[in-house]
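Each chain carries a letter (A, B, C, D, E, F, G and H) given by its place in the written order, and its residues are counted from 1.
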Amino acid sequence: MSYKTAAIEAQHGGGTQPVHQEVIIAGTGGQGIMVMGQLLAHAAMAEEKNVVWFPSYGPETRGGTADCTVILSSDEIGSPVTATPDTLIAMTQPLLDKFAPSVKREGVILVNSSLAAPPRDRDDCKIVSVPANDVADELGNLRVANMVMLGAFTELLKPVRLESVIAALAEVLPPHRKALLPLNEKALKRGAELAGQL
Amino acid sequence: MSYKTAAIEAQHGGGTQPVHQEVIIAGTGGQGIMVMGQLLAHAAMAEEKNVVWFPSYGPETRGGTADCTVILSSDEIGSPVTATPDTLIAMTQPLLDKFAPSVKREGVILVNSSLAAPPRDRDDCKIVSVPANDVADELGNLRVANMVMLGAFTELLKPVRLESVIAALAEVLPPHRKALLPLNEKALKRGAELAGQL
Amino acid sequence: MPTITIDREICKGCELCAHFCPQKIIKMADGFNSKGYRVSCLIDCKACTGCALCAKICPDVAIEVWR
Amino acid sequence: MPTITIDREICKGCELCAHFCPQKIIKMADGFNSKGYRVSCLIDCKACTGCALCAKICPDVAIEVWR
Amino acid sequence: MQKVFEKPQALSDTPFAYCPGCLHSVVHRMIAEVIDELGVLDRTIGICPVGCSVFMYEYMECDMIEAAHGRAPAVATGVKRMLPDSVVFTYQGDGDLASIGTAEIVHAAARGEKISVIFINNGTYGMTGGQMAPTTLIGQKSSTCPGGRDAAAAGYPIRVCEMLATLDGPSYITRVAPVDPVGLTKTKMAIKKAFRNQVDGKGFSLVEVLSNCPTQWKMTPVESLSWIDENVVPYFQPGVFADR
Amino acid sequence: MQKVFEKPQALSDTPFAYCPGCLHSVVHRMIAEVIDELGVLDRTIGICPVGCSVFMYEYMECDMIEAAHGRAPAVATGVKRMLPDSVVFTYQGDGDLASIGTAEIVHAAARGEKISVIFINNGTYGMTGGQMAPTTLIGQKSSTCPGGRDAAAAGYPIRVCEMLATLDGPSYITRVAPVDPVGLTKTKMAIKKAFRNQVDGKGFSLVEVLSNCPTQWKMTPVESLSWIDENVVPYFQPGVFADR
Amino acid sequence: MTTKKILMKGNEAVVRGAIAAGCRGFFGYPITPQNEVPEYMSVLMPQAGGVFLQAESEVAAINMVYGAASTGARVMTSSSSPGISLKQEGISYIAACELPAVIVNVQRGGPGLGNIAPGQADYFQAVKGGGHGDYKLLTLAPWSVSECFYLTALAFDLADRYRNPAMVLSDAIVGQMIEPVELPDKIEVNIPPKPWATTGRKGRGKNVINSLWISPDQMEEVNRRLQAKYTLAMEREVRYQELAVEDADLVLVAYGSVARICRTAVDLARSERLSVGLFRPIGLFPFPTLPIQWLAECGKRFLVVEMSHGQMVEDVRLAVNGRAEVIFYGRSGGVVPTPTEILDRIRKTYGRSAGVSHYRLNPGPEARR
Amino acid sequence: MTTKKILMKGNEAVVRGAIAAGCRGFFGYPITPQNEVPEYMSVLMPQAGGVFLQAESEVAAINMVYGAASTGARVMTSSSSPGISLKQEGISYIAACELPAVIVNVQRGGPGLGNIAPGQADYFQAVKGGGHGDYKLLTLAPWSVSECFYLTALAFDLADRYRNPAMVLSDAIVGQMIEPVELPDKIEVNIPPKPWATTGRKGRGKNVINSLWISPDQMEEVNRRLQAKYTLAMEREVRYQELAVEDADLVLVAYGSVARICRTAVDLARSERLSVGLFRPIGLFPFPTLPIQWLAECGKRFLVVEMSHGQMVEDVRLAVNGRAEVIFYGRSGGVVPTPTEILDRIRKTYGRSAGVSHYRLNPGPEARR
């Protein structure tokens, strides 16, 4: 019994088809970056996948940038960090610039094209532009730009089902945001729709 | 050139006849134990001897016991502490009891017989009783009991000359005790006198 | 004629200037700047007294006042 | 008749009892105790009122009062 | 036509990273204006705290030192004692000054240390996520008193000005509320006086600014100012507590 | 004839190691008497400081904890919160309480922590050799201000009672001077009230005792009491600063 | 008995582990990246009938813990690097008084104010003694959310068993990451009787909690007692995990989050047919000296990976004692080594002849040979 | 140019050394056995035109030093064990900001409140890092009153040379003992220019003293810079003294006051014809690793003597790296080992065949083999 099989068998005892997705979501504090990752994590758990979410903030809670890593896998997850994500979801230009070079070849880069221009030097990746802020503005609240992006990502990569993400909303949104639940759902769906059209 | 000679030559380049005296002076805080040791140290330095003085107190400055070690030597002094003094000057019973067993065979134990009874189990040592408090009381100030003892010690062991000790008084006594200088000198002499009579 | 200029790239859309303006001539614009903030703008230059209250409360020093 | 007892082995000779005694009947003794302190003593039992002021100020609780 | 209001010289070009509507940067600007007006940019040394204003050294054009949480008054003391001709100020939050740094501020005040302290009381730990501060009001919610501050469990808010005014050291102690035009003006004047005291060789000056934290209070900036007016001011009365 | 004054039960038989004439042990005795009188020996936990009274645990018959220098109020808080039915007191010197432990005493007071604090203000660091304390008077000599305390260099003495009385937390704050028969009686009464407050479920109580240090002051005990009366009392006025 | 799988943050699991273990007193002060600990405590502790108190500072918090632990209750505090530095005097007191208590350090990037990114540069402080005097903290290092729960609970047991403070040495990755866990509703809690506690005499003789021993002989006696406990713990409380070491030629040594990253690096290396294994100390004090010594005697080489400039590597070198090559790779200041960069390091070192490494104090961030 | 011989206390010599080296700011808080330092400072510093300030606490003192050092002046603080623990956060900040400053620790018996007798159990805290993060203190250990003077002065030079805090690790023996010294009236003082100091801009661009680096890459850069300095110091600043080691078979290793006691023990041993020598590290960080390694390669055995339960012995073992036997003898809690008991230990170990010692973490007070 090789080391690898041993480890997997010991921990899981089988499963469905092997999945492994490493996602980095990045933007500014206040854009709801963390919530995006957490929704993904909840959805993945509901679907019995292994998942780890790991955040990285700017200065304590304030000002500047925020990013989080979500790793979904049918295997047990070792490293909760990655230097080479499969997918990048970039909500602003500076963060796009920072992380775009790290995405794996053949990877996917989702760009919030309301605030950032798609990278030109990653023609080895699939680049998807989503005008998330504009769409959110249309929906009536700039704050749901994150949901638009997440919806698009889910539709595109299908790491989890959109319903699982929607189901997770209730658990993840902070109490004082509960009123916005329907709007968030709408934004997720709108994002998915957009991605479907691409 | 052996190790030992090398060290000595390097440091001194000769000297008078070799001397080495390790003295422990012990009593209660307030009895002027430290001053006794410091006077000895000053006198020794004035006589160009090597000397180290090292104090050991009870709780920070207060309550309980105090002792100090004085090592006088014509050699350079290594350890500033000793487990086996040549001489013990004990100002109270508890400290006498504590240190008497450590005195070297053939050593000397000076006992303040106003407050302590000479030890019975050290017949290998020279035991000298000085009723220092009574003498000090006679002199008009209990505080100079320490000087009585120191005078006696100097006369007996002659580690330094009594004049050197007297000369050191001016340097060692704290400013607010300067008025007591003549009394201290008197007490030193009285102690020496007593020891001479023994 | 007194007026103000608002640097829309610096503005964070906090609305304090609008709140403080005695003339009530600052409103929040449609759309947003490159950081995603909905910015403020002067809607009636003529009414501006140059009192600078908007500038004094602006946390981001986005406003300059001319008189 | 009120009186006090002073434990001379506990007494540290601070003289506060003498200072506080309204009857001024505590004085410092000649000689000293085994710790080398000159101790206080009641010099006039008859005059003691048992007011216990000496005891209340004695830092070393060396004084007991009888009444 | 001329510019009658613009960014002061003592403020750098770095954009503020504060949340929208946060008054931290309004106070920064006023300090910079005062430095300009007194012409002391070249001899001013500022001490920033640990708190949301931790990056103040990026915003100011004078020499700056980043202090450990709560210790700005001690750091300022070290600086001022070595350089008596300098103008030294600390800028501190309520967690920084009134909680972990209580001993340092009390003793700097008692020593009459010749420094100017700008104290931003926003009733919360803005930077670390809205925990209870020593100045959080009874009943006010925070991430460590989610049900609202309960005096029985968490005690009462501390009035720093009143407390320090019992000391003989301070020259000037005042509390201001920049929530309306008059409050803004008073705040600026108070800061100016606190700095001028140093120029005049006077001792310890402290300006407590009743400030906001729209993010942790979960309010809009405009709401946050009304909230100060209605809830904070009644407990923390503006005024001059020492002037000598 | 019966004994009308003797050593209280709550005091152990260990002889005091204080210098002759030091009032530390007078206050110890009063605390012990109060414990006896209130019948709380079995539920009292005392916290001793670092200072000359560091050995208080040897003198008391109740459970005792030796705190780190200045932290007795925090230690007491930990105890009292875990054992709300206990009677918890701290005993602290002026270096301990008013210097290194400033933050801890201010916050215990602000929280209205249900403890009794006995604060021995002797204007010096007795234990470590007579250094300047935060309560050393202007002009008073110490081993770290051998020429006398100079306000310009070392600031002004801190009036702890007045400072803490600005807080809403404390139930009872008083200063007493046991330098004469009346002062002795008031001291005892104040300590008793501070303890009774706990029995009654009330909050934070503090008794500041103007005490002496004949050794470091380089005076006889009798002189030291007059010195308090003539020099300390005028700056540190006895009185009740909070009672609610 | 386990509840269903739920998503949880490492810091929350610390809180739940503590409460499950019977912790009934929490005293802390906010600092990122551990803020979830006091925040969850402020909700859950009152529910459990315990005490939550936000202290005025870390210094006050550790002294409240000292007082609360004196009453015999299970109590804790939590902080991150700079805050832990402030607690050093208090920790030394708690150890000297032989009080059981738990201290959590969610390490961040340092030194100084540093940043709130992950770090492991407080290892020396934790295991050698950041405070004064000869004491040790029983130190556990979780690498997962589930271990945050179980090792925190274990820390309380160890603290009581040895009457000594125990530390949970977490970091910003372990504390901040969220993963699914299945936690038991209840765990077995055996709190030993504490006849020494200062609870009020209640009829017995008086108890005293004290670390002042003016007589050096008595103080040395206390020290000997402490050392005897540590010796016992060294025999009984060694905890570690080995992964694929049997046939490994090169053994990675790492703890906490870095061990997880190394685990992925081992997978990557194995897929390149490099015989690499992982040795993960779970307890940092007592350190798994003998198991490492044994591996060294088996002829393995070691690559120690830390988010520091070389701290745990000293304990590895002391264990190996010259018998095998010990290579170090470290990142610092909040930089997290990635699986690929570790793989890179493995590739570079792999196949080199196993010479004895010449130890240099403080190897730089680059490996030294 | 030297003055006449005078009697002086170690702590006073520290003060005189500091002032001779141009120290012009002292910020401290009383604690035995270092009280003579602030007391002499309060008199001598104003005479030298400098600042003496008694801080409200050790925490305040170290942060005053941080501020004062930021101005570029030579400044210092001093304390003893528990007080030094309280300074750990501040020390980490000073190191992170690359500020030169001197910290004196007159070590006493611990842990906890302990006592005021001599101790050496703060070695780990001093040289490994009691505060958070990867920093080092340039650490010097005097063994005589005269070294208290010269090493304190040197500490200021080192601090400036490396822009790093330096520690004088004294103890209650060295600090409290009085011996005759001949001190120079003046020593050479070369304070380098400090263009980074926050003195007010005075026409230049603004200066900032800061240890906050939110970006891990920048923070790592700071760490690499620190490590590079430490590496340089390891090459240049190794200080030690050897006594009679050439023909020695057994080498005592000890620092500070214990080294002096060992020196007498060496005399005693030599008089019994035992070939014993003494190796005394004068700098503790950088540690004299190579010289010890060299002695190990020459086949010497080592007996490390400390007033601790085994701290410096780890650095000796790391240097020896399995090449020779390392025996430990320690006393603690304020107990001072006497020359005769060390001689006893020498006698016992002498003549034993030189096997490689099996290292055990934390050897007890008794020697282990």
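Rule of thumb we're sticking to: a contact is a pair of C-beta atoms (placed from the backbone, for glycine too) under 8 Å apart; a residue touches a chain by one contact, two chains touch by 3 or more.
Owing to the predicted nature of the structure, the values given are computational and were not obtained by experimental measurement.
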Any chain that touches chain H and chain D: B, F
Of the chain pairs E-H and B-D, which one is connected by the greater count of C-beta contacts? E-H
The distance between the C-alpha centres of chain A and chain C, rounded to whole Å, is 36
Intercentroid distance (Cα basis), chain F paired with chain A, Å: 61
Rounded to the nearest whole Å, what is the centre-to-centre distance of chain G and chain H, using the mean of the C-alpha atoms as each centre? 28
Between chain A and chain E, the Cα-mean centres are separated in Å by 40
Residues of chain G touching at least two other chains: 32, 53, 56-57, 59, 82, 89, 93, 97, 113, 115-117, 210-212, 214, 336
Two or more other chains touching the same residue: where does that happen in chain B? 58-61, 64
Show the residues in chain F shared as contacts by 2 or more other chains, in ascending order. 16, 18-19, 54-55, 66, 68, 99-100, 102-103, 106-107, 127-129, 134, 154
Would you tell me which residues of chain C are touching chain E in their complex? 1-2, 10, 12-16, 19-20, 37, 50, 52-53, 55-61, 63-67
Where on chain H is chain E touching in the complex? 24-25, 27, 51, 53, 55-57, 59-61, 63-71, 73, 75, 89-90, 93, 97, 198-203, 206-212
How about chain G: which of its residues touch chain H in the complex? 59, 81-86, 88-89, 92-93, 95-97, 107, 109-117, 119, 121-122, 124-125, 128-136, 210-224, 226-228, 230-231, 234, 285-287, 289, 308-311, 314-315, 317-319, 321-323, 331-336, 356, 358-362, 364-365
Residues of chain F that touch chain E when the two form their complex: 99-103, 106-107, 110-113, 134, 151, 154-159, 162-163, 165-169
Contact set on chain F toward chain B in their complex: 16-19, 52, 54-55, 126-129, 215, 218
